[in-house]
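Two complexes are shown next, each including subunit A; its partner changes from subunit B in the first to subunit C in the second.
So, the complex of A and B:
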């Protein structure tokens, strides 16, 4: 009896090993091309397949929402995902590894910037074609990418530097309001600020500057926290930054020029999908540059032993201030994008719930890890959308999941892993003949 | 002119006088030691010299520049490298990263390099890395370069601390009980290493040590500290024969 069970298990293990072996030979470009094929297939045959298997329309998010809303459609949703997404990816991954590796090698032989550009274009292409199906997908993707920026920026402080900051929703609010005030005042006719001061045609070109201004304003706000918190060693940051978040919120609520508690609308529609994508890529690139430099690793040294860092010539106070302002900048940029994606902001958004959300993304994904933050932000944003039909129960399931992660992996799922794009796009070893 | 000159340094922790009227002159290239019973104030002296505490009174001059009152990182950058009595390593970082980190003050690529990369940063990082590897080679731990320090055995961790301190190009290296908790074999290896780095790099070394065998063999000059006060200073022979030292400290131990 026991033996049979063992054999069963070992057989199953063999199968999974084999599958893993097949797929370990697939380079990154293979997965991308698989996804591209999948989204193209969906674009062309999606509605047809959906109606054939009895779905009312193309499932918005991989069928999860349909399954929860109308459970009897579960088999159809699963079939849809299998045919449209998994089959193309599987086919390319399974049968293409030889030429995919050749392709990966070819791409690597191009100049570095061109390789990167091609990969980015491919990724954007997938995103674009997939989102093209519905406005809901576009919105979900934009908010997801903004969550990536915010999570990464918080990970710099809570993960890499090992202090606990609660002020990121506050920075986000500052960024959102400053950039919105600029774009609305300059490029939109609005009852708060009157007619546009500059020709609206200039708007999209100057939008990056508005975002940067929002980020810079958030950095100035961060200075208010950093000066008292980093004067001496010790855990003041958590408390001061929490207070800061509430103060920012109530200041905005009482600031009638920007609409007070009612919020502020009529932001021009500048934050389209490519814009958000470019900012997200820039953020990942710059933050990853920073944390992999010896200057950035000083944050790790400070976290692990501040005294030793000082004794090894690290200017700890300056390093902490810089990192905090840098992190606030990106939270501000995320806020600016957020405001222009929704084209409306109100102070209520930037409260304790936002804080809980971004903390969850950081700790779920993994501390001290760019991969982790991307993973945390993407998976939790999607999960929140998947579970939307459950309404309140969503707020039981997500925290439970987090508790499990915290118990079994206290630093998060992909913690302490260095993000390396060059390594990611390397060709994989091609399989031996007999496999 | 001595490299480091300390005059009448006194330090109080609240009401406790941890160091009293301490004087010191370290010559370039000298190896000397600070000995004394537990709680005598030896580590406190090191912490004062490296800027972790600011002395209540007295002056500390490095190459005729007053350094008391500077931040520890400034003092370190001026050439005082140190190790700690109870290892202070960065638990999530690799050996190589430790040794590279001590070059922090010499990095000049600035925030632009840190945020956007570029040729200057690549050049400097490569240079730092190459240097780090050669120091690891010197200390015989090059093969551990990519290991995270917490996974290393105790002896190797001690070496990482030494490598890190050397990496900042010290004029004086402060070693706080470098052989604490080592067995005789590790002990003699560590002594060889101290001799080797001193021979190759030529900085002065100031060490705190409990094992008199180490002190007597390595050092030109020894100070004995008891209750924060120096009760004797001299060559190993002089210290060995000094009745005050024997009474206060050596009486309980055997000298070889």
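So, the complex of A and C:
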């Protein structure tokens, strides 16, 4: 009896080991191709499969919303996810590891920029085909990527530099308002600023400049926090940044030029999916380079011991200043994108709630880690969408989840891990012959 | 001059709410070195508990079981709600802060924020998104003191809050428990070795702070009898700023800064359009903090703190 049980357990262990073995040899490109196949399958057969198994339409977000809204459709939703998403990925991952590894090796032998470009194109293709199904998916995707930018930029301060900054909604508001004021003034006929000053055809090309201007304005605002940060740290800096956030919100509420508390609308529709994707990729790339550079290491040194860092010839003032301005710049860019995605902003958006949301993303994902920020932003913004049918109880479940994460992993789920794209796209080793 | 005095009276009342809430922040900071970000929402919960208790007492009275004059109802409401809310505070400490004693402080700040959100949403889910009007317990009587109009409610509010503050400072100065709290604030690591129970003291600190917040909530309900689930956000964050402005962990500082914030807000609203109130109040605070980063009575950072 006992022996049989042991055998049973060892058998099960063998099966899981085998599965792990299959999948550990699948390179990154394999997963990407699997996803590509899945989204193509969905594009072609999605509505057919959905109607066959009794779903009213293609589930917008992996069936979670359907399960929560109409529980009796749960089996159909699960079957749909299995057939459309998991089966293609599984098939490619299971049977393709040999040629996928060969492909990954071949891709690596290309010049670096070309490899990167190919991977990015592949990723964008997946996103594009996936979100082509409905406008809701496009919006979710855009907001998710903006959340990634914002979370990364906050992680530079809260994670890498170890200060507790509460000012990111403020930076975001500055970026959102400056860039929207520019685009609305220059390229849109609006009752706030009158007719367009430049031909609207130029708009999409000059939009990046408007975003950069928004980011630069946010950086200038960040001086208000960066300069006091020379003299004080920790809690007092947190309060200064908090006061800064309230001041920005209050100033915007009192500025009738940009609509005051009513907000500002009619931004031109420039922030389409490729634009947001390119900005997100640029943000991840630049921030990752920043935090792995000497200056990024200097940030860590300041976090761990400011005096020791200073003794080791780290220019603490310059480093802090750079970090704040840099982080605020990206928060401003995120704000500008946010304003152009929703095509309406009002000062109420950039308050305590936004702060709690961004902080939650940073600390859920993990401090001091680019992976963590991406993971935190993606998972929390998807979770918010998944739990939407629960309405109010969403705001009980998500905080509870965060409390549990904080209790068991106080620095977040994926903290202190370096993000390395080169390592990610390496081919996995070919399986050793089993002994 | 009367105009000024009139606003001074209003500012005293307004500031006493801030001061009472700021005390809770400041005490927790002094003892545990962390900010209880859920404190603003405990203020809200206290106001709602006060509403429940007052309604309950009124219901009992209408059943004919007891007939009480209004001010006794008020005193009973304040005492019972302070006790009930202190249990909420203890619960918050137990769930949100005790498991994170050894964790980085920012993590505890996140759990505090999240508990605040849960309290707000829980309230919305329980009572719905409508505003609740606080039952009037005492008749409003207005006295005219040489052109300055003072209601009995205002006098009561300022008197109750100042006596609570004095009671708190006496508690901390004179009793054994207060001494334990001061000791904990002085050296967080060694005092437990002397046999002072850390967890009990932490719970006591939260209980005291929450009781004061509950008192502030009921007094607020008496003055402005409309409660809504998000009232804690506005008040809580401003009181938090006041606690910092006073110097972290300083009881006297928190009290004075709370009153100062009340004065700034009332007088700004008196001189400028009231939409500029937050802007000017926060700008003044920012200026003070830039030039005196450790607040009025706080010590520069990394120094030991005392209650």
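Assume the second predicted complex is superposed on the first by the 414 of 435 C-alpha atoms of A that agree within 3 Å, B and C clash if a C-alpha of one lies under 4 Å from a C-alpha of the other, contacts with A are read in each partner's own complex, and residues count from 1 in each chain.
One rule holds in what follows: contacts are C-beta pairs under 8 Å (C-beta built on N, C-alpha and C of every residue); 3 or more make two chains touch, one makes a residue touch a chain.
Please read all numbers here as calculations on a predicted model, not as lab measurements.
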Larger contact residue set on subunit A - subunit B or subunit C: C
Contacts of A:202 with subunit B and subunit C, given as first, second, both or neither: neither
Touching partner for A:247 - first (subunit B), second (subunit C), both, neither: second
First, second, both or neither for A:236, with subunit B first and subunit C second: second
Touching partner for A:424 - first (subunit B), second (subunit C), both, neither: neither
Touched partner set for A:114, first subunit B, second subunit C, both or neither: neither
First (subunit B), second (subunit C), both or neither touched by A:416: first
Where subunit A meets both subunit C and subunit B, residue numbers: none
Complex contacts: residues of subunit A adjacent to subunit C: 158, 164, 224, 227-228, 231-236, 239-240, 242-244, 246-247, 249-251, 253-254, 352, 356, 359-360, 363, 392-393, 395-396, 399-400, 402-403, 406-407, 410-411
Contact footprint of subunit A on subunit C as seen in their complex: 29, 35, 95-96, 99-100, 103-104, 106-111, 113-115, 117-118, 120-122, 124-125, 233, 237, 240-241, 244, 248, 275-276, 278-279, 282-283, 285-286, 289-290, 293-295, 301
Subunit B-facing residues of subunit A, complex: 286, 289-290, 293-298, 300-301, 303-305, 307-316, 322, 326, 368, 416
Subunit B - residues contacting subunit A, complex: 50, 52, 71-73, 76-77, 82, 84, 88-93, 97, 100-107, 109, 111, 113-117, 121, 125, 128, 164-165, 167-168
